[in-house]
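Two complexes come next, and they have one chain in common, chain A, joined by chain B in the first and chain C in the second.
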Partner chain A sequence: MKDMIPVDRKMSTMQDSKISARGVQVYYGDTHAIKDVDVEIADKTVTAFIGPSGCGKSTFLRCINRMNDTIDSARVMGDILIDNEDIYDPKVDPVQLRAKVGMVFQKPNPFPKSIYDNVAYGPKIHGLARNKADLDEIVEKSLRKAALWDEAKDRLDAPGTGLSGGQQQRLCIARAIATAPEVLLMDEPCSALDPIATAQVEELIDELRQSFSVVIVTHSMQQAARVSQRTAFFHLGNLVEYDDTDKIFTNPQDPRTESYISGRIG
Partner chain B sequence: MTDAISDLPKGKPATGGHASLLSESPLMKKRNAAEARFKLYGVVAITVGLAFLIFLTVSILRNGIPAFTQTVVNVEFTLSQEEFDEAESKMLKTAAYTEIFVNNITAQFQERGLDVEFDAGTIERLLGKVGGDLRSFYRENPDQIGQPVGFELSTASRVERYLQGKLTRDMVVDGRFLEAADLDVVDAMVDAGIIGTAWDWNFITGTDTGVDNPGGAGIGASVIGSFFMMLVVLLLSLPIGVAASIYLEEFAPKNRFTDLIEVNISNLAAVPSIVFGILGLAVFIQFAHLPQSAPLVGGLVLTLMTLPTIVISTRASLKSVPPSIRDAALGVGASKMQSVFHHVLPLAMPGILTGTIIGLAQALGETAPLLLIGMVGYVAREYPDSLTSGLLDPNSAMPAQIYTWAARSDEAFFEKAWGGIIILLIFLLTMNIIAIILRRRFERRW
Partner chain C sequence: MSNTLILLIVLGLGVFGFFAGRSRAMATVGGDRRLLHSLPNYYGANVALNTIVPAVIVLFTWSIVQPMVINGAVSGMINQDRIAEGSSLGLVMSDVRRVAEGLDVAVAQGVMTPDMASDIRAESSNVREQLAQVGVPLGSGVTSETLQAAQSYRAMAGTGNLLKTLVVLLVSAAGLALSWRLITRDYRARNVVEKGIMIVLIGAASIAILTTVGIVLSLIFNTYEFFKLYPVTDFFFGTNWSPSFSGRGQSSELGILPLLWGTLYISFIALLVAVPIGLFAAIYLSEYASKSVRAIAKPMLEVLAGIPTIVYGLFALLTVGPMLVEVFGDGGLLGVNWMSGGTAVMTAGLVMGMMLIPFVSSLSDDIINAVPQAMRDGSLGLGATHSETVRQVIIPAALPGIVGAILLAASRAIGETMIVVLGAGAAARLSLNPFDAMTTVTAKIVSQLTGDSDFSSPVALVAFALGITLFVVTLGLNIFALYIVRKYREQYE
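On to the complex of A and B.
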């Protein structure tokens, strides 16, 4: 590829790579949205994708759990491996993949059902609970992990849509982690939230790092700096720079990264 | 600052950006006038619409309500055991009963000092076959013999119209149905106070009669015919329509072929209903040899007609479910089908139900396709006695029955047609109310 950008790939420091993407290209019809992206995402780490609007960071995120399959015009090329298995292999059922790779969306989108049913839905369809007691336990554990249990335990039968915005987003996180995923993708999870709710969700993301590999797309560089250990900067469909968060923000290698974090572009 | 103020033309109202807020600018006046005119058009349009609605309602009620009542002659009658035995021993038994009845009425008239000549023929023209009615009553209830029994005998429709003033003496041509002299007897009955009006249950529960007996005609059998048709329509069009919409909206690939199907469905919704009628005639009756005039065939034809309505409304309500819900379901690893059936369909349910009921209501009032499959003009004299006979035996339907009555020459049927319209409208209103209730309930749940 002519527009391939050389990326500084210092992966030697990471032993346990959870997701590795090699030469990923995404087209929407004729639009080339992702251009030859290579990335290694470590387990039990928060990796942030930053970049200006339309740079392809969300598109790339949606490739990791094959949500792009639902868009007719989208075509994905290249390899994405999770635990060394190619998720775009014809033998892979995307439905099974999505149980392993949970996702939290930009806008809180709880099901119009009770709080309990929201969290219990995933375990139910994947057969993770053998009986009601099991299910109750999963629901409680997930809500506790999502720091929603204390607020919601007395009204598990209340509709999830009746919660406040921040609570709804935490409910969505609880719903995503209830299926016991190994990777958690978050697409701008705080963009619809106020600063207090954002702080709560960020704190939560930091805790989730203990159990999952978390990939978060964010518009806010401060957020990336606060929650992530590794940061990838996307620009016009290219992965410009990918390194430890500290390094990206203090000593960026690429002039475009520097321009973006200092506010000159984007 | 002072310079700017002194620049303003003195004495004249300020224009443009410097205008005072206290006076309207010419452009603003124009815009306000346009708005006022538009509001006026709206009020006029609604007033005209309401006026038509009121006119329609009043005329339906005024013309239709008499169909629910009938004119009756109340007679108290005592039959002794001897009279019963004597009448039963005669050759012409009903004629004997009629004679006893005539004598009884004559006696009642004489008691009140009224003097009218009449015979068994008059009674038959005015009240129908009274002798037969009396005989069957006493044969069934022999314990009533010797006791005074009050009879309520319905009069011929002509008598009713004479009493309503719609039929005058000079209009009467002596004949099989009525003679001018018979009206004297009616007058005498009025004077004797034995004639009155009663609620006519027979109109609602009864069956249709031949062309010569408007008084006895009822809409009941046609209601049952309509019911079976709606049953067929509901059982076929709801599952087929909803399944087709879900497939087209959620699963089908978007290509030229599905586009073609979509255009065709929209066009089908606009096809005149008589076209479906002739299609039904050709396919269901002439090709498949299903029985003519059967509610099953009517239901099949109306299903064809209702399907596009249901498909369009179902697709619209599926489309209106926010995509974030689909994403959420797919994101936790639901399959496409699980996301549709667990999340999208329940949210689309109120819209689907409303569309279905509106489609059904449309089908209930549809007449033209029934013309072609033989339901119009069929005289529904009998109630079906089982589910299969309800579906397969010839029957009429409410709108077909109304059309049949309106087309008959006897003016008395006209009143029945208006009455039938009231019944039909009651059914339609009920269905719409059910649609509203269902929609409310489902909306509250989600």
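On to the complex of A and C.
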């Protein structure tokens, strides 16, 4: 695939690029879901992917931690580099990669375990804690970071499924950050939440920017404008425009971006 | 008229009612079906239902109640003193019924005229000989009292049948006429039919429940009879099973413990085989197998469930048993002499385990598939491997359902008969050696009741006590399984 990339492709040159994707193509069977996408995602920023349903933004997100590997019919081509390392290189173990690139899903999906065990799941399977005290500390730190500690500290043994929707989603975020990832992918994390829970999660995303590179897929343009520094607009599998969030929403270069933002296509 | 004929007439009336109702409905609106409240067929169906259902209910109730009433009336005629030594009212009554039937046959074949049949006297002619001519053999000569009872039995049955025919047909016709007259363009036939269908469905459900109740009751009464003849404590705590069929079972020892032990031992071995294999197969099929493999493998596994258990029994007897003897028997591969014959707990347990594999795997497979994909994604997204995901997320999430599947398989194992009869032998014994021949409760029920059994001796009646014990055990297991499945079902929604 490498020789198919035009040499003089324009790249937004960023000093601290965390993830860089070059010429990414994704096929689901015969469907061409992602067409030749190039993106540079910066470290310690929130990057939003927006676009109409079926435009490929979630698919692209799932390429970054190789979750598309679990779908039989999906084929990914092109290069995706995290810290200049090709994650589709045969030497890379997708299981290890996913510990480094955490993911939060659209619907809160806590495991049918206690709150504590939900958060401790990742550290346990990756052997991140030397002893029980270590593990306790990781769990507490993750829950604090996910702004759930105060609500959950007295009921760590209660099932995670018993929490409210917003709490469950924050539990899932805590679970994802417990493995100490470097990148956090969020696939419409607020679409199943009410406005109050959404506000809490958005606030949380802003705080998480301190420690991670966050990539968020969202249907809400307001949300993208509120939480992100950079925004990418996808349409029909193409990356139409990628720029600073302010610029995308105030002065879009591409007519399609403008139409989408003003609500004419979507 | 016979019940079949009455039923046919009622059904015919129903069909007629359907078309009559339909055409009346169409006539009320001058052929424009849009003006009707319901579709024309609903009017027809309403008439048909009203014609058939009440009449059929009356027919069945009558057919059940009439013999009871007649029996009561006729047995009142029999003098208590005349009941012979060693006999009972029941025996005399069955004689009466037999003679009455014989007279019916004789009339039907033209050997007797109807008048003759009702006027014949035991003093003047040999009824036994005459009935033997038409193919109804009687055990002994017919006393005049029996004959008179039989004649009044016939007479009452005749009137009863005539009345039954009249009443049923009347009910049917009345249903037809009434519901036909009710039809107007605004009559809500659709709603009425809806209600009627609901009642029919309720009827079907209650028959299923009543059957269970009936089975339990018949077991209970016979068990009660048994415990009048045999001490309860000896039955439940006796460690010896040696029925003696001679001497009316006076010297029998009928302890259930060896049989229960055999049942549980064989079931345990069966589950030991079926649960791991079935569960692993289910995990492979639902989590790892590609669609094409699954499409072939799953039906093939389920073929196992369709094999009749007697065939498994043959497999145990002819293949598995001798194979085990070659390994564990005298001069076998291991050089141990643990097994003396092909029939053993191990033989039956292994084969029964094979039979149960599809139960466990098929149910568990459905349950594992029902675990939301979001759980798998969540776990894989955290960097867990496939098998870690299965072990730590999928299985715990599916556990209540899997436990339910295992308990259902267990109650299947406990109730299994044919594999035990052929695979485990017939010797009731309390032993720990899995290579010994043992037997189970079900196998013994069969052997107690096959052949000439006298239902007044404990040796035969013990079968009912065994049956109800087994019933209680499996019922308890099923209820426990349902409880577990229900308790944890909603946890993941």
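As a convention for this text, the second predicted complex is superposed on the first by the 253 of 266 C-alpha atoms of A that agree within 3 Å, B and C clash if a C-alpha of one lies under 4 Å from a C-alpha of the other, contacts with A are read in each partner's own complex, and residues count from 1 in each chain.
Please note the rule applied: a residue touches a chain if its C-beta (ideal position, glycine included) is under 8 Å from a C-beta of that chain, and two chains touch if they have at least 3 such contacts.
Not measured: the values here are computed from a predicted model.
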item	value
Combined model on chain A where chain B meets chain C, clash or fit	clash
Touching partner for A:122 - first (chain B), second (chain C), both, neither	both
Which superposed partner A:88 touches (first chain B, second chain C, both, neither)	neither
Contacts of A:72 with chain B and chain C, given as first, second, both or neither	both
Touching partner for A:105 - first (chain B), second (chain C), both, neither	both
First, second, both or neither for A:96, with chain B first and chain C second	both
Clash-bearing segment of chain B relative to chain C, given 37-45, 73-81 or 181-189	37-45
Intersection of the chain A residues that touch chain B with those that touch chain C	65, 67, 70, 72, 95-99, 102-103, 105, 107, 109-112, 121-122, 125-126, 172, 175-176, 179
Complex interface listing, chain B residues touching chain A	253-254, 322, 324-335, 338, 342-343, 347, 446
Of all residues in chain A, those that touch chain C in their complex	65, 67, 70, 72, 95-100, 102-103, 105, 107, 109-113, 121-122, 125-126, 159, 161, 172, 175-176, 179
Parts of chain A lying in touch with chain B, wherever the complex brings them together	65, 67, 70, 72, 95-99, 102-105, 107, 109-112, 121-122, 125-126, 172, 175-176, 178-179
Touching residues on chain C, where the partner in the complex is chain A	290-291, 372, 374-385, 388, 392-393, 396-397, 491-492
